[in-house]
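Below: a set of structures, written as structure tokens.
After this come two complexes, each holding chain A, first together with chain B and then together with chain C.
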Partner chain A sequence: MAATPTTQNLPTVTAYELKLAWPLGAFFIVFFLAPLVLLFIVSLYTDTTMTHFGLTQYAKFLLDPFSLKVLGATLWLGVEVTALCLLLGFPLAYVYLRVPGWAQSVLILIVLLPLLTSVVVRTFAWIVILGRQGIINTALLELGLIDSPLRLLYTEGGVIVALAQVQMPLMVLPLITALTRIDPNLADASAALGAGAWRTFWKVTLPLTLPGVIAGCLLTYAAALSAFITQTLVGGGQMLFMPMYLYQQASTLNNWPFAAAISFIFLVAVFAVITVFNMLGKISQGYANA
Partner chain B sequence: MKLGRRNDLDAVSFHLVMGVLALACIVILIAPTLVVLIVSFTSGFSLKFPPPGYSLRWYAALLDSWQLHFAAMNSFKIALWTTAISIVLGVAAALGIARSKTMTAKVLDSLFMSPLVLPALAFGLSALMLFSVVGLPVSPLTLVIGHTIVCVPYVIRTSVAALSQLDPVLLESSASLGASRLYSFRRITLPLIRPGILAGGFIAFMSSFDNVPVSLFLRDARTDMLPIRMWQDLEGKLDVTIAAVSGVLIVFTVAMMILMERIAGLSRRLR
Partner chain C sequence: MNLTRRSLMTSALTLGAMQLFPGMSEAQAKRIVFATFTGSWEEAHRDVLVPAYRKATNGAEIVLDPMLSVDQIAKVTAARSNPPIDVMLHDPGPALVAIANDLTEPYPVDKSAYYKDLIAEAQEPNGPAGFFQVVGLTYNPDKIKTPPSSWQDLWKPEYKGKVGITNLNSTLGTGFLVEIARMNGGSEANIEPGFKALESLKPSLSAVAANPGQLATLFQQGQIDISPGNFNAIQIMKARGVAVEFVAPKEKAIAFKTTFHIVKNTQAKDLAFALIEAAISPEVQGKLMEAPYLVVPTNTKVKISGEVAKTLAKDHADMKNKFVFQDWKKINEQRSAWIERFNREIKV
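Showing the complex of A and B:
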């Protein structure tokens, strides 16, 4: 007993014991995992007074075309926002690595600013831009391109653009990391062998950054789905997505079992998408390292 | 010659497309912030852009709005407590999992990161259910607990990254010179990972200050929070006072960001 600790302790001076993680581990078990288990239990009650167990709430959601439409619209919204973020974010990350140092510092602050600014403030900005008296409508009216203000606020397009801005940093940061890791000689080699800029991009740069692309897409997608504030303020009352649906049932209607079932279905859907992304990530990592 | 021209066209079109898309991205990233700042100085009663004239009236109106002061103070206190607890628990957890290759460490790591991707509103509802089952009424305490769950991942992420850059040789030489583990931690590990902790703590503070989905379920009238107050004001009417609040928040955020970039190299730690 007395001799073993010295031989065991010697190599561990560079490491810390795993037990340091247990206080937070316990905190997560009590305040994160236990609530999620409770959420599942509540979702199994058939009535709002919570006396009988059954799968009624899940049947109610999964057999109701309205609820399914809300789920579908939410998952699809995430796809649209992620696609727009990738389309605009990839070029920004690409340009970032090809500008001088001072410009990089400015660019990174521009990317980080939305990440740290309040979501309500950012969403509010889009209300000012897209509103009837907003900057776009004023400009178009003055140019004589339209006669009356366009309806931009409370449309799906408005929600997508606003969400893209809100979530853009989550896409751009992993892309910058991935692009930094590429050996610049590879692009030169590709060019020396006669490939044009487009061909080099599709055949060399993009495949090598796939792990970053997938990491960025995962974060953007997950954040876009649950962006409650932006969805409600820019989307308005006509468009209903899962977070607001959940909130209405829980808060306004006090229907906890149904709200719990909605939450659980939402969690499972997000978890399924994350699992797919992670699997793609593993495959792409093998591809990028090959 | 012909080949050369085709390659030129190819390269020009590629750089043009990349440049235009990147520029569009920059405009989308900056424009909203600038527009809010400009509108907050309007002399009019609406959010018309460009404003009919400029004044500081909405900032002056801000001084009298006790509701916003109250909510801002609450948000500030909760964010401060959340950050303190996140740093203590998060840095300890980061030390535990950073250099461990065991399965337990991997599982804990995924567990600690999961609040970042799972819908926070669903977590907020489930936390409210837990607190009502154990008979704990919503209070600043429940808010701090809920916020800590969703904010601690940032501290862990930056601390783990900082620890992975720490050269183990430093700790070995410190130990071989007779330093105790606590002394080595205080004099070597902590100073070297401090920028990482600072950056993570800063992001945790900002995201707690800005949190809506968790606060929505875990607060009551006595613990009104700033982002929720603003959100509800915006849903009712498009109030120009909110533009002034936004202006204050933007200036505060930019100042803090530049400060943190100087002392903690914020942007390097977020990648």
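Showing the complex of A and C:
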């Protein structure tokens, strides 16, 4: 801010960019960074009445196998959801580029449609689909494939599928953007040089879409981990993931210091996973460019 | 740039001042904020309690701000000296937390016209109970032809895979655990038999709902056919056409006192008192007992009739035979350990 342009120096373009970032930066400092600092301070209290400082809350979490298991299960849930989104989303994005214009509009509408309804509504739809008298069970029963309804709701599988659907746009949109940017001539060139469809895909298309894949995976992963509503409604009260654990400590037990410590540990753990993922992405990108 | 920053600061300061001194904007109209519960409770209080309060105070202003007990405690704790709420409404567990944290004002019992008429269990000097919430068994009458009569019926083999419960985050879930402990020789102080019973209920469980509200959805979807449930929540579901019935188990239904508290440091103690007086008056309670509210009255001057008399208790003396009031002081002491244990052990 102090470095305002003098008469000798013409203003550089980058100086403007920094200034323009100020409103958002200030907004983040006041409404994100400051509360985060407060949260961290709360996590340093040893008792629920918040009178003594200490690291007991962190010790309590990190030395407790059960808490660590909840953390692990949550991080793993994110991986499963992200993998499923990628598996289902990539072909969709791939098809999108190969259909005529009108079909593209229809596809993009279908992809965006979930974003236009609330997460609660989308999740309730899954309760209707997965329930004992839901669409899947009724269909299977009528076809005579099963004798009694399967347990689909309140299972980890149910949570993964529901989360994957709810977060799908976050995966598909970056993928479509990345795929659109690839020069179609590259695939033709690869074919002209004798590569088959699979080889072209693995050697040309996939490496070039890696930035989109990474962006999509990061968005989906973060969203799946923190999806309190979907996790709770489809997973039920006995499946414990970090958001629910946090809620329980903060709301039911009024144990704010422990809840704050849980949030911080969760935050750091997610950061670690994302960093590892980013590094993997960079390494594979290097490989693709080589 | 300087000008922008200055004007920004000015508006920020103004906004901040309005937050710090809300009296500036609110001094003209003295009003109270009543934190009721969400859903049907808000509706009942808006329709019956608020008009009665207005009448008693010559039209004083009141704002209903429905929220969970825990949120009430959080908000008042965050601004003790100038609380954003004047009257709190609590389930027994949170009520004790609020009292222990010194968030409530003792109720001016001597000044009260109705306090002495309340059933003994509702006479709480830190905030009288305005109504009872009653928990019993709920079932789907289309699927279960013979109505259940005991908590024990949840373990019946024919309901295998059709039983729903909630976890201990709710008053309902915690109260249920205590009752099944009592049924098996335990108590608030000895919960072990309750956890043993839950363990043996596992094969029957179709769902462990994250909150009592979720049970309604589960009945509607046919995911469960029987569960512990709240009398008033069931009435709402019935009114919406869901096939569900309530029955009080022979071991006694669980009654939770729902208490009204004057918040410490409120700017309008008199008005807060007036609201609670209205809430425990026989006129308001009598009206709230009628359909569609069906709120269980605590004032013995109210003659119990209708659905409440039919399903729960025919008069206040009968309540003592039909209801069990749990010792939430004991429960609160151990609740965090119970929740932890439930987290670890109850995986379906």
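Assorted remarks:
Keep in mind that, in the parts below, the second predicted complex is superposed on the first by the 252 of 290 C-alpha atoms of A that agree within 3 Å, B and C clash if a C-alpha of one lies under 4 Å from a C-alpha of the other, contacts with A are read in each partner's own complex, and residues count from 1 in each chain.
Please note the rule applied: contacts are C-beta pairs under 8 Å (C-beta built on N, C-alpha and C of every residue); 3 or more make two chains touch, one makes a residue touch a chain.
Just so you know, these numbers come straight off a predicted model, no measurement behind them.
With chain A as the common reference, chain B cannot sit beside chain C without a clash.
In the superposed model, A:T232 lies in contact with both chain B and chain C. Look at A:L38: by the touch rule set out above, it reaches chain B but stays clear of chain C. Once the two complexes are overlaid on the shared chain, A:N255 sits against chain C while remaining clear of chain B. By the touch criterion stated above, A:Y154 is placed in contact with chain C alone, chain B being left untouched.
When the two structures are aligned on the shared chain, A:T275 is found in touch with neither chain B nor chain C.
After overlaying the two complexes on the shared chain, residue contacts for A:F66 are found with chain C alone; chain B is out of touch. Legend: residue contacts after superposition of the two complexes on their common chain; A:Q133 is shown touching both chain B and chain C. Partner contacting the larger number of chain A residues, of chain B and chain C: B.
In the superposition on chain A, A:F124 makes contact with both chain B and chain C. Shared interface residues of chain A, touching chain B in one complex and chain C in the other, are 124, 127-128, 131, 133-134, 232-233, 247, 251. Touching chain A in their complex are the following residues of chain C: 68, 70-71, 73-74, 97, 161, 166-169, 173, 206-211, 214, 217-218, 221-223, 335-336, 339-340, 343-344, 346-348. Touching chain C in their complex are the following residues of chain A: 66, 124, 127-128, 131-134, 148, 151, 153-154, 232-233, 235-240, 244-245, 247-248, 251-255. Taken together, the chain A residues at the contact with chain B in this complex read 13-25, 27-28, 31-36, 38-39, 42, 87-92, 94-95, 105, 107-122, 124-129, 131, 133-135, 138, 161, 164-165, 168, 172-174, 176-177, 196-199, 201, 218-219, 222, 225-226, 228-229, 232-233, 242-243, 246-247, 250-251, 256, 259-260, 263-264, 266-267, 270-271, 274.
Contacts from chain B toward chain A in the complex involve residues 6-7, 10-11, 13-15, 17-22, 24-26, 28-33, 35-36, 39, 46-50, 89-90, 92-93, 95-100, 102, 104-105, 108, 111-112, 114-123, 125-127, 129-130, 133, 145-146, 148-149, 152, 168, 171-172, 174-175, 181, 184, 203, 206, 209-210, 212-213, 216-217, 227, 230-231, 234-235, 238, 242-243, 245-246, 249-250, 253-254, 256-258, 261, 266-267, 270-271.
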